[in-house]
Amino acid sequence: MLRFILMRLGKAAIILIAILTLNFFLIHAAPGDPAAVMAGEAGAADAKFIAQLREQFGLDKPLLTQLGIYLKGVLQFDLGFSYRQQMPVADLILDRLPATLLLTMTAFVISLLLGTLAGVLASARVGKWSDTAISTLALLFYATPLYWAALMAVLLFSVYFNWLPGFGYETVGANYTGLRRALDIGQHLILPATTLGLFFMAVYMRMTRASMLEVSQLDFVKTARAKGLKPGIIQRRHIFRNAMLPVVTLAGLQAGQLVGGAVLTETVFAWPGIGRLMFEALAQRDYNLLLGVFFVSAAMVLLFNLITDVLYRFVDPRIRVA
Amino acid sequence: MADFWKRFSRNRGAVIGLAILAIVILVALLAPLIFPQSPWRMVQRPFLPPFSMDQYPLGTDALGRDVISGLAYGAQVSLLVGLVSTVAALLIGIPIGALAGYFGGWVDDALMRFTEFFQTVPSFALAIVLVAIFQPSIESIIAAIAIVSWPPVARLVRGEVLSLRSREYVEAAILSGQTSLTIILRQVLPNTISPIIVLASLMVATAILLESSLSFLGLGDPNLMSWGYMIGAARTVIRQAWWLSFFPGVAILLTVLALNLIGEGLNDALNPRLARRGK
Amino acid sequence: EPVSGGRANVVIQPEPPSLMMGLVQNGPTQMVAGQIYEGLLRYDEKLQPMPQLAKSWEVSEDGLTYTFKLHDNVKWHDGEPFTSADVVFSADVFLRETHARLRTSLEHVDSITAPDDTTVVFKLKQPFGPFLGIFEAGTMPMVPKHIYEGTDYKNNPANNTPIGTGPFKFTEWVKGSHILLTKFEDYYEDGKPYLDEIYWHVIPDAASRAVAYETGVVDILPGGSVENFDVQRIADMENTCITDKGWEYFGPLSWMWLNNREGPTADKRFRQAVMYAMDRDFARDALWNGLGKVAKGPVSSSTRFFTDDVTAYDHDPEKARALLEEMGYDGETVRLLPLPYGETWQRWAEAVKQNLGEVGINVEIVSTDVAGWNQKLAEWDYDMAFTYLYQYGDPALGVARTYISTNIAKGSQWNNVEGYENKEIDDLFAKAAVAVTAEERQKLYTEVQQKLVDDVPVAWLLELGFPTIYRCNVKDLVTTAIGVNDGFKDAYIEK
Amino acid sequence: MTEPVLSIRNLKIALPEGADRDFAVNDITYDLYAGEILCIVGESGSGKSMSANAAMGLLPDLVRPVGGEILFEGMDLLKLSETEMMDLRGKKIAMIFQEPMSALNPLMRVEDQIAEVFEAHGLLTPKERAARAIELLTEVGIPDPEKAARAYPFQLSGGQRQRVMIAMALALEPRMLIADEPTTALDVTTQAQILELIRNLQEKHGMAVMFITHDFGVVAEIADRVAVMQYGKIVEAGTADEVLDNPQHEYTQKLIAAIPKLAAEASGETVSKTPILEVEGLNKTYVTGGGLLFSKPRVVHAVNDVNLTLSEGETLGIVGESGSGKSSVGRCLVRLMQPDSGTVKLAGHDMAQLSGEALREARKSIQMIFQDPYASLNPRSKVGRIIAEGPMAHGVSKQEAYARAVKLLELVDLDALAIDRYPHEFSGGQRQRIGIARALALEPRVIIADEAVSALDVSIQAQVLDLLAELKERLNLALIFITHDLRVAAQICDRIAVMQKGKVVEMGPAHAIFNNPQSDYTRTLIEAIPGREKELAAAG
């Protein structure tokens, strides 16, 4: 197992480089460049100004040379310098990463827990009205555009009831510390995490439900019933675990996308996360920053793919032999 | 086929879903007949609330355009985007996942690395980059959405196939001399159908909403009316004109609901254990 | 009566890339860094110069020598004294290298010298009418010589902790969340500033910014912070004031570039038809919430030397059709590039498309994101394209650049992008810039405006109104022509 | 005798549309008393399992009892609520299911699955449960019970899984045990142990046992009373002696006549000597687990230096205890599994060298009948397609393939309508026959039959064996017959290989093995054949 993990990690490093290279060309294929964008914002700029910027960013060099310089930097754990923000990319990302992880992980846990729970409940009541109700509700959350739901949540809980802060990561200027600060952040977290979580919930709910129904037809469920086990235990221990296989795959997929997956939520809730950073970098063609975010996101995806595979082996002993 | 229909129709929800979808498709097809005027035409004063003028039952938008006509025309584009990109994503994702899971070894490795590439770039960002590169148009939007949505399909299918390929009935098929292709198509894939259906019916909604986000960023096809466009455009005036996002939202929801109900019906109809339920 | 103390919570959008105003001069940077850095002058609503770092100034008879007397007790935020050497360094060395817009104006300058610690003399090569208009902080910010001299300006670590002479000093910047400025105790004007601190809140979503105001998290919404559709609703709130002042210096004017080189837009009659076809009143009322004015021509009404004595283009589809008929427009599709700055602009493009469609012009909207838009403009890859530009108070600074033929060059979207070539106009602009008296200049610019309006090199739309919304107990926030950008020097919160 | 523990009165169970017949069980009545073993024998598909399931309240989805009653200790089970049934299940009434492969949760360790029985009824502490689990595994004779306890079901051989099932059923020493062909997958020695075990427990606790089987040896061994079923009806019932020695009903007589005799005659050396399959130095070791990083891997040397030859038209039996590696050998032969070392030559060609198209072609002439009939049938394919697929893969037209499928189904005594049903709609024996039909569809030259008739009642077994014999004649078919049923082996095998712990301990002509076993192990095997004493006694 350990060898398996080490091998995968080694491979992942190589893949990362390959992915970065591809990303590099992909990004450069999009029209426009950071010099033009920055010149565009400057309110005035002449050709000299833009040429200056290009030179400063190294954009005047041939593309392959640029790639070489970038990759060399990456190999030395240097993600380069953000053109626009005039700061090392790594610093910018590390600044934002905790907020994003906090938000997306919470949402992930909410969606996974609520989703599988709802799926289990629905599957236990298959065909009844409560099944339909649960399914429809989950779909409602899913099909509602996120920003719409988010704004409604803010209007309701923030503007109307004034229970929860509607945006931001913490109360700016309050200068809380310690536990007080943690609580403050927690309060700010509730709305965005729930909105995001409810959105993803539907996927888990539907997947769990379908899978549970499929598994509940299998023979070993009959054995379990013959033991006199309570339906609840059968559901949980026998059906649920077997039904979790596709859900695990899906969860791994989603977890990998945590870094970049919350652009809209971060925007609406003014959450200072990576998603927004990426989006801005993309809009501004801040190549280094964008590549940096893609790099982190790729690393996350690979990591979670690995975790999923390990988890899979854990959940399904049959695969372990292979 | 008749048999299949009989089984399918036993699920009342599925029939309702099919009916809703049929209506949506019908409206989409007949839009030019019902609303001969372009949905972009500014026909009344802006922000006319719904039900205040018989001629424009769902009101008008920020430029005084008829909402109901937009909904009808939007159905065309949104359905197209949702369905075509989902089908395309399935057509890419299922074979890749199935081949990877079935053959394992280096095939799996190669295909999964390939998949990983598409997966590692956050899908929203990838979609933006792709549309930006290829210029916004309905084709490039559909292609971009398909390209960003197939990796989950591939990984899901692979996971399922991985655990199915060691089943004895697959071995039996190997022995009986069936080619790998037949085995994958006939023995393995049918047994992965249920999670795929679930995923696919949700993907349609994601696609419609992704198109909306793209058009919100100015990367939609600006000459085509779609539900996503309507919702995106209504976003800024939610507080003034709830109906502008509400009606297209309901349209999307109904369509998604319909597709999910149909998916469920399909699932039941394809499940041999439920096949003969009820006389 | 002004009272000291208190905190201002202000929205800033988008998050500025940097606060070092000598290097970056985009909108949000100017707004925040305008409290940190200062220029020699500021301007009142009528664009008349007011003292800032310079307490007085003199212009020689021939209009060639400008002498500034500086305050003598000015300190940088790090405690170093500010002297005329800093001015020379900033204007002659630093900004000449980094500030494209200023560089163009400084071409008229022969020498900059500092006879003593508090005196700076600018000698011009020839008279330059708008010269006194280039001394506000966004155009000529003073940067500290002792920090930058001899360094690589762009990579100087001090850029992250900007040092200026302004009323507020930089304290903290939590990227993606907020920027904190605090009162500079050693500020040279007694008693100022009144506020203790300013929190600039980064809230990327317009609706959330409105909510932020409604829930009392922020008290000041600078122009453009909330959607136009939301302005009225928020302005109607209790204890809320709104002003559209404070943009006179910028005079933001929107228009559509019309590609004068090829296609139907190369024909003057087509361009005129476009002017007649557009319902600009509708656009202002439906999209801009009734704020702003329908543009008369190339010069904004708040800019000096504006005249309304020009041909008027009212909404008149009949005239438009006639013009098209006359030119024999064959229905060729024209590509319209909206401004990718949000929904309002998108809607506007759609409205214009409908307007033009009604007179028979086939428009196809081509969309791209900001980067693509910049590139398309810079490479002249469009038929019609929305934009809006600042005027900086004087036609020589912000108007001429769009119409003179020497400014036709690919690679920039700030020059004569439409490709309009008219020798006569070139001459008029050139003469007007160096004319010494205001009357003379007015005469020349009136002629320019009349000629341009007839030629329609671009299709002018609206003088944009960007109202500032704030709680009424915030006083003296907008006192100059650049509004909030240097407004916190005088602002106080009434108890 | 006193009150019956279980009393079935006029039970009627309806089948869904499209099934063989309207009622799985039609108006049956019988009693079961404490301390007795009632054997239910009968045709495959006659409703044995259904009536048992009905007593557990575990009928398949669409199958419902429509009449009669099932009285257990005076209560009508058909009328009890699900909660009341839950209390009874596992504690008062336990059941061993027919197919052990799919009856265990694939994701749960064996010990946990056993411990659950206690848990379900709130007995013992977790620690005690684990200990009991190992005790039970020991009791049912699983070798190395500690290791087996930590194993997952897929790591156990068929017989081992069945023993796990038995251990679970016996865990709470219920009042009544329903055993649906519990020893079908077991080798004779283990079978003997299990029968002994059931007997003991039954005597000790006065347990009532309903024992479904088709093995008359078993019946002779343990039955107090016997009920014979056909087409959903009980055609004859009585004490074991009455029914076995003096059958009244025509069907019973037929059944008894079909019991394979133990004696293996020295076959006239008609078998050709052309070898079709040569196996040399075959080895296969399973290394599994290690779980996550920590626990020790489990190493099983399942096939240990096995050498075999099979001539055209010959039948080679492989017998041996459960888990001795019989199936593993079979799987290596058809290359479903890559052996670690050794060669397998099919008609002179080394199978290991083949791949792709050539392998596909070669496999056409070597087919396998899988041990677990259910798991080897695609749940989403209809039976017709399952059988027709093979020929179609080799270029036979669809029509012809289906026509052949129908014929094959008839050959194995299934209704032609069966082609339109799904595997789960068949009884265990019927599924096994589908598997046989599939293997025959390709008209192979070698068939590896892994417990191919273990789930069949004797009459059909006889029929199938006859069929195989006939095909063998006609097509010069060579057969590797993996079984633990020595009677069957004796009847049809020319030669027999005896396996133990992965090794072939003895190999020779069938009669030699039976009449003059060389190794101790073979001897114990033969002695353990159920009903042997009785038969010997009868033979005098």
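By written order: A, B, C and D. Residues from 1 in each chain.
The criterion applied here is as follows: a contact is a pair of C-beta atoms (placed from the backbone, for glycine too) under 8 Å apart; a residue touches a chain by one contact, two chains touch by 3 or more.
Everything quoted here is computed from the prediction, not taken from an experiment.
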Chain nearest the overall C-alpha centroid of the shown protein atoms: A
Whole-Å gap between the CA centroids of chain B and chain C: 45
Intercentroid distance (Cα basis), chain D paired with chain B, Å: 47
Separation of chain A from chain C, taking each centre as the mean of its C-alpha atoms, in whole Å: 39
Centroid distance [mean C-alpha coordinates] between chain B and chain A, Å: 21
Multi-chain contact residues (two or more partners), chain C: 207, 368-369, 371-372
Two or more partner chains touched - positions in chain B: 128, 132, 235, 238-239, 271, 273
Multi-partner residues of chain D (each touching 2 or more other chains): 61
Chains that touch, pairwise: A-B, A-C, A-D, B-C, B-D
Interface residues, chain B side, partner chain D - complex: 167-179, 182, 186-187, 190-191, 193, 270-273, 275-277, 279
Contacting residues of chain D [partner chain B, same complex]: 16-18, 61-62, 334, 336, 360-361, 363-364, 366-368, 370, 372, 375-382, 385, 389-390, 393-394, 422, 424, 435, 438, 441-442
Residues of chain C touching chain A in the complex: 7, 9, 14-15, 17-18, 20, 23-27, 100-101, 103-104, 154-155, 159-160, 174-178, 180, 197, 199, 201-205, 207-208, 211-212, 214-215, 217, 368-376, 378, 389-390, 401, 409, 411-415
Chain D contact footprint on chain A (complex, rising order): 1-2, 217-220, 222-231, 233, 237-238, 241-242, 310, 313-318, 320-321
Chain B to chain C touching residues, read off their complex: 40-42, 46, 62-64, 128, 132, 135-136, 216-223, 232-233, 235-240
